[in-house]
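Two complexes, one shared chain (subunit A), two partners (subunit B, subunit C).
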Partner chain A sequence: MAELQLTRADFEPLHTDQEIHSLSRPSLSYWQDAWIRLKANTRALFSLYLVIALLAFTLVGPLFWTVDPAAQDVDQISLPPFADRDARIVSPYEPWNGSSVLPVGEGLRLADTPTSEAVRLVWDPVAGATSYSVYRSRYPTGDDRALGLPLIDLYGSASTTFEDRLDLSPRTYYYSLLAYDGAGNELDFQTLTVEVNRVITAESAVERGLIAAPDDVQIGDVIFMPLHPLGTDYLGRDMLARLMHGARVSLFIGIAAPFLYVLFGVVYGSTAGFIGGQTDQLLMRFADFVVALPFLLFMILFKIAFGIGPGESGIFPMLVALVLLSWPATSRLVRGQILQIRQEGYINASRLLGAANGYLVLRHMIPNTMGVILVTLTFAVPSAIFTEAFLSFIGMGVAPPTPSWGSMCNEGIKTMLTTPHELIFPALFISITVLAFNLLGDGLRDALDARMRSVE
Partner chain B sequence: MWRYTLKRLVQGVITVWFIATATFFAMHNVPGDPLLNDKNVTEEIRANLEAKYGLDKPIMQQYRIYIWNMIRGDFGISFTQKNRSVNDIIYSHFPVSAILGILAVVFAGLGGVLWGALTALYRNKLPDVIIMFLVILGISVPNFVVAAISQLTLVNVNNLLGVSLLPIAGWGGIEHMLVPAMVLGLGTMAYLTRLMRSSMLEIVSSDFIRTAKAKGLPPTRIFTSHQLRNAILPVITVLGPSIAAITTGGFVVESVFAIPGLGRYFVQAVQQSDYTVIMGTTVFYGAFLVFMVIVVDLLYGWIDPRVRLE
Partner chain C sequence: MSTVITSDDSFTSAAGRQLLIFAALAISGITLLMLGLSWASSRTGAASGSNNAVDPVTNTLTVFLREEPPQLDSSKATDTVSGSVLGHVVEGLLRYDEHNQIAPGVAESWDIRADGATFRLRENARWSDGRPVTADDFVFAWQTALDPANASEYAFILYPVKNGEAINAGELPLEELGAVAVDDRTLEVTFERPLAYFDKLVTFSTYYPIRRDFYQSVKGAFGADANRILYNGPFVISRWVHGASLKMDRNPYYWNPDRAKLQTIDFAYITSDANASLNLFKDDKIAYTTLLAENLDDAMQQRWHIHRFMDGGVFYIEFNHRPGRLTGNHHLRKAMQLATESAELVYKVTKLPGYLPGESLFPVWLKGVHGFFREEYPANYPHMDLEQARRHLEKAKQELGLKVIPPLVLLSGDNPVSNIQAEYYQQIFRKHLGLDLKIDKQIFKQRLAKMLSGDFDLVLAGWGPDYDDPLTFGDLFASWNLNNRGRYDNPELDRWVRVAQDEQDVQKRMDAFGEIQRILIEDAVILPGYERGVTYVTNPQMKGMVRRAVGPDPDFSNAWIVD
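For the complex of A and B:
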């Protein structure tokens, strides 16, 4: 057996050149990790940018587009987007008694250039006719003879002129003329397509603030009407300004309400979950009752109950009603999480180290449920926006002068066939917002909570 | 089972009582008073009207009368349509809403299961991408916009064909019901499709599917009797709350399509502040929804025996 030879050098401590356990990557907190995962998700990131853009649209937008959303431009009512806005200056209107000399041509024809002031029609007398009827339509008359608006019934064979001054706007009109004999039989049917140009007198241009003084322009000059990039609504209010200010209502309700009720739900749920026992049972039973209330019915009921005073927009009652009815879902969720976390080892360890109850809840329990809470919050935003839109749509939302996307849709849907842009724009904004928050919620859920991760 | 049913029913009755109470006190909080709309009301007439409607009594007594009437199934008389009882309104208009709602639920349920299964089957392929895109649209577009657009499309299609293929509005036969029911069920269908898809995909990787494959079952058989059957279960659980969503969504669809349902009546009552109709309809709808949820829960226990009803 060989003798073990030990020298003094064997008892020298080893020199380590490198650390054996080194972290190869930087240490990441939960939130940093989540942010990295969110950034990798292009859809979520895109929707995050979209949300930021929408917020900028409503908060910064009105600084650049300073048109008053309540101001009415009576010359440009229901104006489609990107419409021509030039107007020719004309001399003040002079009454017309029909022309004695018929202009050349035959059938129904124009006596004068058609303007938004007046369209002057003349026609050749029809043999045997004792009365004429004039109609005006915004659409081609077609074979089924949809004549449109009846303008006048003229009796007596001598009257073969008509001046239309009824609510003319710069667009194409389709005029029809019907001639009847004494027995009421139709003798003749003529149509005429008229392209109306916008005109304005120098006086009214000054009145509207388009030019400084009547002498600045001459008859025949072309001036520009106020600009409305997205057109105007049925009262001549600027769509872009209304959309910006409407976004304020919709996004305020959409973000403030979920924030408030999620906060309340967190407090309620964590109290119930932490105290447990009889109190928990009682609190949760009450939450069950509130859940059972039919949501939209009670939204409407509460809205009526709170009432809207004169001059109020009704945003606050809607906010209160939303908070009152929506908190239980969050409180249930948070309670479940707290009950689960209460069993964890680190809670016991913290308690052993002398942590007070308040500290346990605020330092350990709530931060550990934060992911779930944040996801709930993001998904709550679209549903709150929908609720606001729905209520405003049935006329139970914000009071009329205040625009909101929902009430704009409500107004737009009535004129959907003739001026679709009044419905399309607010509807598009609601859809984009809801879409953005939904996608963001999906992304956040994937990033924050591995257990809730959706199967993709 | 019976004990559970009884317990749920008792809970349901208490919930309905809670709804009725909340409705009563919310409506009593309304500023102004219900008789304010009548013009030229002298003191005597007002006193008479108040006595007729019981508005002169102390509030707790009014509450007792209200609850007692409700137990007897009497919801009172409409304020705006004199001589028409709320019961009569519910009786004549609720069936319309119910038929529309049932059609919408069937449409949403079948559609959701079908599309969800399809997307899971063709995962990440073209059908999946297209359907999921439509689903996201269905979730993001408010149903009044969908209603308006579908009505517009219908007008154009009818014009194009030169015949009235489907009526644009109104109520009558099955042809009136199809489009509104589809619009009404669309949001729910989109939601169910998403749910069905993720539940299908979750099941694909479960043990019993692997076992079924290992013992040599044909793929179609695995798909229909294992995958589909198990994936449907979560869809059924949310069907209860979906009925609630569809019923309230009915307000808008009924208004847009001019369908004489209870939802449209409710919206009208709200706009005209017809108090008794609002109260009666709210309690009626509330009770209906509470019991629908109970029925769905019981059904769930019957469909999936693993769920023990306790």
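For the complex of A and C:
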């Protein structure tokens, strides 16, 4: 029988190996972890930069691009981006009575240098003609007699001059002259090709701020018209400035409305979910009722109720209508989450340890629903931007001359075929913004999903 | 471990297959539904719209209407669409022919004196039920239009007939009207006061005949449907699908069988959307369409034959002169007048060929003593003069006791041409005078209601001629005229309007119009914008379509088709 030999050393605490307790990587909070995962998602990160760039575009942009978005320039209407902009200085326009001495030459010819201000035509009287018609086309006249725009019908054999001032832009025009006798028979047909140059008077150059004083330039000098990097719209307003200012309205609605209604939705939903029972039923049935209210109708009602008169901006009633009618979706989502979290073991444990309701909500429930809330918020932004664009498109939003992307689309769509840039730019901005917010929302959902936390 | 994964995989693929089947089912279901719907819509839609715009075989012309004719009761019709339709199917005593000259209609001869007129009706003028058109049909029609119970908006156009105004006011019985059927074929008219242009007046639709027994038999629904109108024009309405289409066929009873060359005019589409009608024209569904400024390049590129004509209308900004309105101030109006230049608006903003810069209420085509009125009485409209404009503005501020003029409301129509103008003026007044304008866009009816009640400071308004005499414009701003929407009230102008109405001597009348024109410009009662032209394209196979400023427009009654 062997005696159990116990030494003193046997009663010493076991030596703990420090290595076991040392952590393999630093402790990460929920947010740090989410941020790492978001950073790994290049799509979402790119969208985040896009959103920041858009905010800079609208908030900082106007500081650098100081063109008035409402300033019209009727000499530069519907200009495409980066159009040539050299203009020759001429003396101010003088009305022309056509009685000046006929310039030498034969047939239909020019009486003066053709400019974007006026093209002056003269022709020799055609024997027996009692009326003349002048046409102008952008395309060469052929045998099919497609003469283009009928500019004027002149009666009387003595009328052998015509001044064309209609919407002249620097390009080649093909003029045609038809002579008729009293019975309406065609007697003569002449054509003339005219190269029009852009001109500007010294006074209007000063007015546009291109030169300091009229004396700075001589007649015949070439100066550059104001630069419009993205072109101009149908009233000669700068597209870039309008896009910057339009973004304010779009992004204001796009960010303010979701922020307000998501906030309300969270409070409402968590109250319903936390209290539960009859109160929950009552609150959620009221939410169902709000879902059933038609948005457009309420938007119009608010517009009237707030006394928004004609020609005033409808942005405020739009905001109110959005906030009052869009919260139920968020509140349902949050309520569902809260109901689920309420059953969790750690909540019960916390409650047994004596946690008050307020502590439970603030410490456990809201942080655990934060992911859902943030994702809802980022998805709500593009939908609100869309709503604003749509309402401005149908004329319910901003009042002219305030631009918004939606109202710019509405104006651009009318000239979609001839000057597509007026539609493409605002439409592109809406699309990019909506896409950026959607992708960012996608990335956030992945990043904030607690179940993906352990996944590398 | 590996078996679990396998089962997981099979589960996934099974779910995937199920999903695929569902998707295929859903897509095929939707496709079937679409096909069914398109089949159903093709059965209920415009059944007549499948042919080409011009069909030489059936001698049919297919065109469109801008809107559903609002009123085909000729005693109540006011608008151009109804006027155009009525012009094809009903004929008055006289009419405008294809050269826009007065031509005999139901009357074969007429005699207009200073105090009255006698019309001799042709024997073979027939209603579409074969019965003759008699003098009593005219008397009845005019009495109906003047009957206060019918509240016809255009009753005033009959006021030149003796007692017309009193009857319309309910002061005299209908029988007191100065139009008497001496016998079936003789109509005797007495004038209220001497009148120089009665032959032009009787071409207007309010002067068209209505047969008494037929009008009474339809019991207040006259003009409401194709079979509730009696026709005596070159065409009859054979089919009218409300809101969708209207079809006309040649009238076998018309007295001049050579006039109508087409067998059928099919107004197969009713649309006011210029882009929609342009597409219909491109697809060869309609024979003509109006062009907007943004379609011009397209039309040139398609090498279409483009036409233009002046529709006679004058468009302008009308001020509200009612007491309490800032725009009642002469200097404020003067400032705005001197800050605008209509040539810029027309040549650079609206950009449509055929538009003329407005200078006067009286358009250039009105005839004066010998030649054109505007050549004999030049408008001398002031050019833009910003220095003077600002001086006027300062005076206006002093008189009104205001440091800053509060925003003014510009009432505007809700259509592309109005929108661009409104925004142009908004910026012009802001830039040149520092005045703020609020744009109040309204649809036509609502705008008219607001104009009537005076709920505006400025309004984009216009006026089209009813008959070919300067008076159709000249009496517009008389204090008693209900179409004077801004309630301009100037005894001097009223006096000249009275002269223009009563005077027989052409020279003195035109002098009076010259004075009216001078007052309108000097007092800046309106800001003329433009005289409207219409730019349109036609199918080269269609000939003889007539556009006119006064009378039914467009008019296809003389049109024909070439192969």
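One rule holds in what follows: the second predicted complex is superposed on the first by the 342 of 456 C-alpha atoms of A that agree within 3 Å, B and C clash if a C-alpha of one lies under 4 Å from a C-alpha of the other, contacts with A are read in each partner's own complex, and residues count from 1 in each chain.
The working rule: a contact is a pair of C-beta atoms (placed from the backbone, for glycine too) under 8 Å apart; a residue touches a chain by one contact, two chains touch by 3 or more.
Since we're looking at a predicted model, the values are computed, not measured.
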Name the contact category of A:Gly395: first (subunit B only), second (subunit C only), both, or neither. both
Tell me the contact category for A:Leu417 with respect to subunit B and subunit C: first, second, both or neither. both
A:Leu55 contacts which: subunit B (first), subunit C (second), both, neither? neither
Which partner chains sit in contact with A:Ile77 here, subunit B, subunit C, both or neither? Use first/second/both/neither. second
May I ask you to decide whether A:Val434 touches subunit B, subunit C, both, or neither, giving the answer as first, second, both or neither? first
Touching partner for A:Ala292 - first (subunit B), second (subunit C), both, neither: first
Where does A:Ile223 make contact in the superposed view: on subunit B (first), on subunit C (second), on both, or on neither? neither
Where does A:Ala146 make contact in the superposed view: on subunit B (first), on subunit C (second), on both, or on neither? second
Same subunit A residues contacting subunit B and subunit C, which ones? 395, 417
Using the touch rule from the top, collect the residues of subunit A that touch subunit C in their complex. 70-72, 74-75, 77, 137-139, 142, 144-151, 165-167, 234-235, 309-312, 395, 399-401, 414-415, 417-419
Counting only contacts in the complex, subunit B reaches subunit A at residues 14-15, 18-19, 22-23, 26-27, 29-32, 136-137, 139-142, 144-145, 148, 152, 155, 197-198, 201-202, 244, 247-248, 251-252, 255-256, 266-267, 270-271, 273, 278, 281-282, 285-286, 289-290, 293
Contacting residues of subunit C [partner subunit A, same complex]: 292-298, 300-301, 303-308, 343-344, 346-349, 351, 353-354, 407, 409-411, 414, 416, 420, 422-424, 426-428, 430-431, 437-442, 535
Quick one: which bits of subunit A touch subunit B in the complex? Just the residue numbers, please. 288-289, 292-298, 300-302, 304-307, 382, 386, 389-390, 393-396, 409, 413, 416-417, 423, 427, 430-432, 434-435, 438-439, 454-455
